[in-house]
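Both of the next two complexes hold subunit A, though its partner changes from subunit B to subunit C.
So, the complex of A and B:
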């Protein structure tokens, strides 16, 4: 490791340690923010929908799909924080004059968000699965595939929301992010249906769903936890997520150049 | 005062492009800034003062031209240059999630200073800038003047050679402005080179050794305040500034 890389890595660690310090100070609030949607999702998909006739075998995949909203909620909060800073606080301008390269600086944003989302979401999603244990079979769970999918999901959500926060103007984000980006991507994904069933019902709809990254985020979770016979395989999902992450990074790079114009 | 240039700026141009417009914010700016001086950048809104100071602060790159620090391009070893530079931007961009003390603590850590040295520097700066009683305050709870002091402390934590003040007293009460002027003079006495961007002529007159008047992205003049007064036979910088602008308006 060269001297410069070593120095940048140390500053990266300082940036990250500051974010972790802030995260620990608001952990209780974060937990409260996540527990209420979790309880309602467990109740809705574990108990109320079955009362309306949803088969028991659907509970686990649909519950996992509903967890996308939790990840989106956390990502959107991150987006607003970054976008508001660019528009109003300008702390990012100070960071841009620190002796650290842009790659390391923006990596600290991404890793910090990944840590925050992991701390908030992973224990709660696991807790929900344990509550619904009568409807979930862990017989085909692949821990390695699950870990890989979790990491890629965290990386996807962090890069997606950071790219949007920097690429778009604040007013555009407030007015259009949900109706023009999040809702179409979520509705036209396999988050609340199983992709193979949607494809069997309408191949066109199935193909459209393949264009939404959320399809791979959720199907990857399903196949790594519940087994891949009914879902897109973990490998397919990892490959597709890698592709979407690359697109996010390209958009992020363009956004940084366009909006922040850093050295 | 030594006349040794610390910064040499040559033919600096900055063009902002959007889909509809192209704005030439700086157009062939060349000047030198000497070690230990207060160099005032003056001009009306849109003259290019903030663009020039943010290029010197390495916040934005120039479209063309060069900035040399002690004879070497600042982009050759940008980290080294940044370690010698403190920047007080126009926006009071402290970390809103941290207290005053924590803002300074992390600022020191960003420059990889030892914990012991950071604590020493914080104690000195807080004493000098009269910030001791605000150490545990959230930055949002501070007045504009105190935020400005914290910004100065943050910019000085790593003992830079050059400090850039971009409109440091905008929106502050007159008594607080005067106190900040004293702080800036004190920094000069310590040998720090200061680049002061302002559109307050009294401020530039009181503080600057030399001033540079920018107009529409180009340099109108660079002179010491005393030479300017002598040349134009006028007692105040304000009169000179209005006189020069009057000439331009007449030309237009």
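So, the complex of A and C:
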């Protein structure tokens, strides 16, 4: 390892340690934040929708899809934190003066957010699946595929929200992020429906859904946990997520150059 | 009195002038994007996948609840400016020097409710144009829908004003949305009508009746679909007025606590 890389890695580690230390101090608050959405989603999709006529075979996949909203909420919080810092606090300006390349600096943001989201969301999503154990079968769960999908999902959400936080202005984000970015991507995705069934009902909408990264995020979770042929294969989802992550990184790079590079 | 009233409407005019200049993006977001996306998802795809084809009534029931998101998000968006103001320029200090603080708060609630109401108006007509028979409106009473829509906007504006007066800083906003609003929205009839919740658990049904948002979704469902399994419109309208008054009183109290340092 060259001297420069070693120095960058060391500062990266220090930044990450600082974030993790901060995270541990507000872990209980983070759990409390996530418990309310978990309870309501389990209740709505696990118990109330079947009373409305939804087949019980759909409880597990739809519950997994509904958990996308939790990941989005956590991601949006991260986005507001970063965007507010750029607009007001300017802590990022101090970090810019550190002897670390931007690539390493923003990697620390991404990894820190991935850790935070994983700690908050994974145990709660698992708890929800355990509550709904009568409707979930773990017989066909592929642990390796699931781990890969979880990591790619975390990476996708971290890069997506970081790219948006840096690329757009704070006021634009407050007014337009939900109606113009999140809601279209979420509504026209397979998060609340199963993609194969949506495609069977309307092939055009099925194809449109394939343009939303959330479709792959949720279908990957479904296929790796529930293991049925009804969902897109984990390999397809991993490939598509890798493509969307690359797009996020390109947008992030443009955003950094546009907003944070004074030269 | 006349002078206060004049100042009240001058402030209203000023707010209207400021926000109407940004109307294009509000109309695109709340008048077009939300109704189009929500109607495609919740009126067309979701009912077909969950309940099978020919289930327009279910689709309509689920879709109507989603107006909650538009009303709450827009009301919050408008009221959020007050939170920024309280933490920053404190333009409100100038306003309360000219007009009684209660009237300043009332003006903001009144403006917010009118603006949210106008932005919410296209929601159902756009969905009807787009979804045709998938959006069931055979029993609809449009005047009642309009009245319910305004009362919903008023209640949400008062609720948000009250919350903004309670919240100490911008950082608490996320906590408030995740811990409180998410539960209120989901159990406020976003997807599921009240009678299903009550069938599932009568206790939960009674608890849900304490949620003001349930009266918005139930009242609008009753006004559009017209079947008697939703709460009556009169009950919902009265509940919304009562809740609006309660939130207005609470916002007076919390605002006084916040700005009065003596």
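The rule is short, and it goes like this: the second predicted complex is superposed on the first by the 260 of 263 C-alpha atoms of A that agree within 3 Å, B and C clash if a C-alpha of one lies under 4 Å from a C-alpha of the other, contacts with A are read in each partner's own complex, and residues count from 1 in each chain.
Everything below uses one rule, namely that a residue touches a chain if its C-beta (ideal position, glycine included) is under 8 Å from a C-beta of that chain, and two chains touch if they have at least 3 such contacts.
Everything numeric here is computed off the predicted structure, so don't read it as measured data.
A.B. asks: Give one of first, second, both or neither to describe whether A:4 is in contact with subunit B, with subunit C, with both, or with none.
C.D. replies: The answer is first: A:4 touches subunit B but not subunit C.
A.B. asks: With both complexes overlaid on chain A, does A:15 touch subunit B (first), subunit C (second), both or neither?
C.D. replies: Only subunit B is touched by A:15; subunit C is not.
A.B. asks: A:91 in the overlay: touching subunit B, subunit C, both, or neither? Say first, second, both or neither.
C.D. replies: After superposing on A, A:91 lies in contact with subunit B but is clear of subunit C.
A.B. asks: Of subunit B and subunit C, which one touches more residues of subunit A?
C.D. replies: Touching more residues of subunit A than the other partner does is C.
A.B. asks: Using the touch definition from the top, say if A:67 reaches subunit B (first), subunit C (second), both or neither.
C.D. replies: Touch partners of A:67: none, neither subunit B nor subunit C.
A.B. asks: Pick one for A:99: touches subunit B only (first), subunit C only (second), both, or neither.
C.D. replies: A:99: touches subunit B, not subunit C.
A.B. asks: Between subunit B (first) and subunit C (second), which does A:183 come into contact with in this model arrangement: first, second, both, or neither?
C.D. replies: second
A.B. asks: Show which residues of subunit A both subunit B and subunit C reach, each in its own complex.
C.D. replies: On subunit A, the subunit B and subunit C contacts do not overlap at all.
A.B. asks: Going by the contact rule set out above, which residues of subunit A touch subunit C in the complex?
C.D. replies: So the residues of subunit A in touch with subunit C come to 29, 32-34, 36-37, 39-41, 43-44, 47-49, 51-55, 58, 62, 73, 77, 80, 84, 174-176, 178-180, 183-184, 187-188, 192-194, 197-198, 201-202, 205.
A.B. asks: For a test of understanding, state which residues of subunit A touch subunit B in their complex under the given definition.
C.D. replies: 4, 7, 10-11, 14-15, 18, 22, 89-91, 93-94, 96-100, 261-263
A.B. asks: Which subunit B residues qualify as touching subunit A in the complex?
C.D. replies: 57-61, 75, 78-80, 82-83, 85, 87, 89, 91, 93-98, 106, 109-112, 154
A.B. asks: Taking the touch rule as given, give the residues of subunit C at its contact with subunit A in the complex, in rising order.
C.D. replies: 25, 28-30, 33-34, 37-38, 40-41, 44-46, 48-51, 53, 55, 58, 73, 77, 80, 170, 174-175, 177-180, 182-183, 186-187, 191-192, 196-197, 199-200
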